[in-house]
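One structure below.
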């Protein structure tokens, strides 16, 4: 069986340590023990543990026809709408265990995106990429590899296309092609969980034309390949993890993102899935982003649950959980959280099939999901701040609590309702601070899987505005050509489907 | 085959005209020609036409095992999640045809509610209601009857239970039981489409205790039964329909609601499904309201489409459809509309089964759907007002347009972009005014299927707050008893399921 | 003394009836008795009554140096920030008396706009307009004239300038100049209260260049001048007023807007204040719109008060006014209402002086006020719908109540708490329906004094974005040229002030 | 002259260092050099510098009749509405200089609150407190003292009154009264800027009854009094300041709040202003909170300006500042910022006088101001996150930038538009992160000067709901007792004014 335990993953990631990883300007020797990165490694590990924990293993294990064995869902190719829904449910569950992003979805979505892409290429007569990808997929499933997905480029001047940039490496590109493989240079930014990964699946970040063909490249490489440098980014509250405490920095679980430099990196040819195939970049981006937008309905709802629980408990510690305005605010948190989840479920169960055996999410519902996620977490967060009280920004540190001269005072003045200690209060305040005001909920919710403007572009593309106009004209008694024969939902015809049909 | 055409429905409703219907204080002889009611009749008729129109018949016709024949979906008992989704899709489609509420959902949801209720009663050993109900259902399906559903009582003092009310008839109640049937008195308020119906299915409006048993009654009666009086309610802009014009009052399609008085009405025993069965009232209300809340994801999204189309067309008529702020507003209308729809789809495809062969909606998603519908239509409406411009509140009447002394001036000064006439503009302004600011979108969206507060109560009941608290406590490092063994979604255990299990 | 009573105004407006006014396609002989217009006349009349009512006369009367006597504030030229605040306070008060727009502000703001304009022209050496205007002003104040203000043109194709329009009359223009006066043609749209006015003050609607000089014209004419035709616009619920009832149509107070056609209308030269003075149009529009935006902080807050009172009373009638969620909603209505008012007060008391003796509002605060008014009324309205319950869209008509066969049933089933009758409930439902969902609150709030986009343009013009950027650069430690010497508030330098300075 | 320079303040605060201040569990010897506290000291210092900087000195200096000399506005007793507006303007200005809370307002508002309180006591015949307070005030003004204000108690169980608490010291109380002075014990929580202060002005935190009289105490003490311990609270990102860098932690300006323990602290009798005067606690709290709520219209608008500037600059660095959706978002930030400011200005210029020579803010407008501040900063913050892009949560640290092996890569991949360096981008990202997502904007905005629920209570108390109900009843034609004689604004009658009148 290819399923690894969390411990096996930790052992593997320790060995992988040739990777060149920098944190706060210094190279890290062992990411599993580095205090800045360790919480991220533990979050990533939770995706492996999920396959063994009683309450998640039914969701986390799934039979793969490619290896004729069980695989971890994070490396699975969706085979039904239920598979897609299981992804969302599993993501919500794991969020409950780590209270952070567990960072394995990008690789997961990248695999599924490549699967549809190479299938469409095969349908158009180019079968080799599919053969190579399926081989790669088997390896990933059998070895239960920890994948990062890398999409966003450095981008330079936003208004210019890749080949127009003054910095030719502003987007990752092929600089040389040999018989055995290719050399690539450039940088991918905001790469989630990359320092916790064993391999990086690299995809192009935008639709490209023929002049951009050197930038139309997709491949996979080991994270510790020569020429790769990972600069881990800063986050709100990150420096607290270095204090060595056990409370304030929430040192157990977190997530990270990194700037990944590719400085003349070699990729063997059997790991190259797109090479100057610019025709497929538009739909590839569309497929990936919809997959990734769907997932947010699970993981962000899961963080919503954590925040609801923390808000509720802090209200109890102050003795105000029955005040009507507190109840209203908690109810609102629930509504917002469940709305994000409902959209994610719709995107899954109302899935579409761009090719036989392929299951993509429903693109309109997926974009709705993510757009909700760009708005509601900020509202949930503000509600939680309101419920928690000013203490969220003023509570003493764990070091004050541990100072014998101060401990008694803090115990005396921070206790609310009997049955909860001052330490309980500080612990819950810190959890809420780090989850509710942390980078995963405040920033990644907005920009992950595309900024709000990206979803809005999709809304206008997926929605059939002419049809609605004709509906209105007919009702208003204006001359209208509509005959109400449109049978599919207005937004089913996507770039991807057009490509699928054009075969 | 039991399917009727729209014309057949019109003929039948004409004959039914013994019903005592009052409009603006006067009794109506023929509802199909009365100018106040005719638009409502035409909207109701659209649900029959849907079974014959090319673009909707696949959704509107469905095979029923009860009669072993096709039936109109509005009289169908759901047999799968896809059935539930088909309801939502059909509702959206018919909204495009009438731009109003078509009023047949309450009867539809009442049938499905009674089906689960009598099934649960049967499982508890009381089989007679099920036998009676199935017979009734066959009649309804074979004759393709037009049903109204009646739930909301007059209610009197809101803070008192039925038996505590100073007015004993504040809730509909059984006043006498004979061998052949029962006599009921009271009133049901806000009854959608009742003057367009052939029969009324009456359900209790709240959970009741043993003291309220006389109020725990469910039954069906012909709309023209002796002792029934229907007082049709007023609505925004209603008086315009009496002007006899063809534009300003949108005279073709509308909807109505009525106050239905039951003054010692006899109900034959084979149409009595609940009789003092107060134990089942709580779950009956829960089942009905969730069914009805799910449906709003279809019909209100459909009205959203009409408004989007009208906004877009008015922007085109003024030549501003490409202005970035107009595009942003239309995109926002799309997002809000598609969010309501996505939630309705989730409530359908993620359905639950409270009993074998029964398909209920997902209650959490259904409540999310309706709660969105209490908020987003008002936002869509405001966006449409913004896009349409001040003309929405100041445009001349169709009578000015038809006055030869004024027509030329209006033609000259109301035209915007060439290709659209002043009449086009007035027609579209009136459509938008009547749909966007009309009662169906502004008021029914808020209060139909339960006011916002009702959904909020459900959120706190369906959501497992203790579980989330334990999740937070564990993450914060506080003592917690949670072992993460909870396998079902937190909100799956409803009153209905408890009852189902208790058998 | 120039102050007229409301009755004197009514008598005068009756006599003025040469004006050519059309309602629903028919010419109206006497606007004071026409059932469609009468409520508007009564609202306008309230501005005269205000000068005599005990609770408003201190606000409504003010001493004018021009006539050395008391004048009605609606014809007053502001002489201090307190004058500006008195306007806002008075507007809020009169709203309480009529629950509608009383339509005299546009003329009021037009007078003040012209006063600053001619003053600035005088400072640039063109003194004649000021002389003519002051003479006109004295007449207006002495006779206490009822003025309408007319600004918005028909506009044709929105993206073209006046002189580029295919329809040359899309904007009102001078077609001929004689020694005695000028002839004008075109149309002004959405003219508030015009059928209730004695004279119309006409202003240009946008900044113009030299090619548009024929459109750069400001003047005053009697409403019944030859060649003027007024087509009164439709509004939500307007047809109910024609029923002759006393409840449903709120027949006592309302407001109207009209399309005013100028078909070769002669204006004597002493009433022409701008003639091809295109240089002054930009600031004239800026001055007028800021004055008018400020006022909304008074009148719309006043309507907010009416809605709050109606919501609260309906909650009491149902016995739920103490439910915590009802209290939350009423509190929110208060907050939203008081916010609009606070902004209007700031715009008044923090006024600026573009010329000696001139008091203009604070333009940034005035734009804030109006922009709040484009958003909050819709929210207040939705809250009121929520509080009122479904009855708002389904209550029986007054004609049902008056039908002896129905009256008893309605009395029995519409009563809630003892002490309120069914008639009380219907009366309050109708008030709320007509005020909260009426055109003044739903549409005029959005588009009056400029659509939301117009305020947003002003925000970017009035706000000193470069200054804020320099502030940020300095704090970030980037090279910055800011020396923090900027002494005035960032947004004080307006087009108007630039013009004032340029003298 | 009593005005000190910033440097003089620094020298004084260095000498004061007997105060027992703890940061992260360790006692701090010199707050002016401690890396955690230094940024707070520098922010506080800015209030002294303001009296000497060219662009602020006119606002920051004000003549005091008490000392017949100029004093720093932060120690001034307001003598006019213009004084109150000057406070708001000055606060906005200083925010531009420090991008943080400068912490001197609480002391400022405490002085003004005590001034009205002792004046009202004097009017009721108790003149000694006023005499003592005026003497104290002179000292403060002459020496230009840095005051902290301390109001919020530890509070224990929120639902119990002070004398009911299991912990008798849950509220600060008098434990002993001698001829020379009093002894107090308890703790004050969330005390802004306390470690940067020379004296602490202590006020009761709630209205009290006779049983709570030991808790009804107001006084002033030097910050370094024996028995006082200050435990400085944690904040988002605080640990970065300890890294010794110059960019990431924004080490130049910040703010802090502390838990202040009073362990048997002696207060000389001439510094005791309230002693068991429980009758005055209600209005004291009302006065203070309204003063403090008004101020937020200045300081938070100032932070809004910083965020607008930072957003705009980051958009420019990426080359997208002209994209229409970016412009819409910046415009929205401006609108939200200017709305908070407008409300603060209204609260100032529409001030009320509870006693002759006293100027209090307008309480309704002040509560509106603060309630806006509990909502809008979160929205501004989310807009800024949207504009800034994902880099806000993923940018490399300054230590990466300073690593010669990485610097070149970062320079290459983080640069956007030419003319800005990667360092520019990182600097601006860090500023935005620390200001927009920092504690002052995210948490203090919600809870400072009372949580949202506290303002909502005031709305219902200040608003005359009965009056609005009568207005609605009269308009609806219901029997109403209103005669519209109410002349003052509905909300002018406060607890404070009632007390003032009762003399």
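As written, the chain order gives the labels A, B, C and D, with residue 1 at the start of each chain.
Simple rule for what comes next: contacts are C-beta pairs under 8 Å (C-beta built on N, C-alpha and C of every residue); 3 or more make two chains touch, one makes a residue touch a chain.
Predicted model only: the values in this text are computed from it and were never measured.
Counting hops only between chains that touch, chain B reaches chain D in a minimum of 1. The most distant chain from chain A, with centres taken as the mean of CA atoms, is C.
Chain B and chain C have centres, each the mean of its CA atoms, that are 39 Å apart. In chain A, the residues touching two or more other chains are 325, 328, 456.
Residue ranges on chain B touching chain A, taken from their complex, read 53-56, 58, 81, 85, 89, 96-99, 246-247, 250, 252-253, 305-310, 312-313, 316, 327-328, 330-331, 334-335, 338-339, 342-343, 345-347, 349-350, 364-365, 368-369, 371-372, 424, 427-428, 430-432, 435, 455-456, 459-460, 463, 465, 467-473, 475-478, 483-487, 489, 491. By the touch rule above, chain B contacts chain C in their complex via residues 22, 24-26, 152, 154-159, 166-167, 169-170, 187, 189-190, 229, 231-240, 242-243, 248-249, 257-259, 261, 263, 318-320, 323, 325, 374-375, 378-379, 381-382, 385-386, 389-403, 406, 409-410, 412-418, 433, 437, 439, 442-444, 446-448, 451-453, 456. Within the complex, the chain A residues that touch chain C are 324-325, 328.
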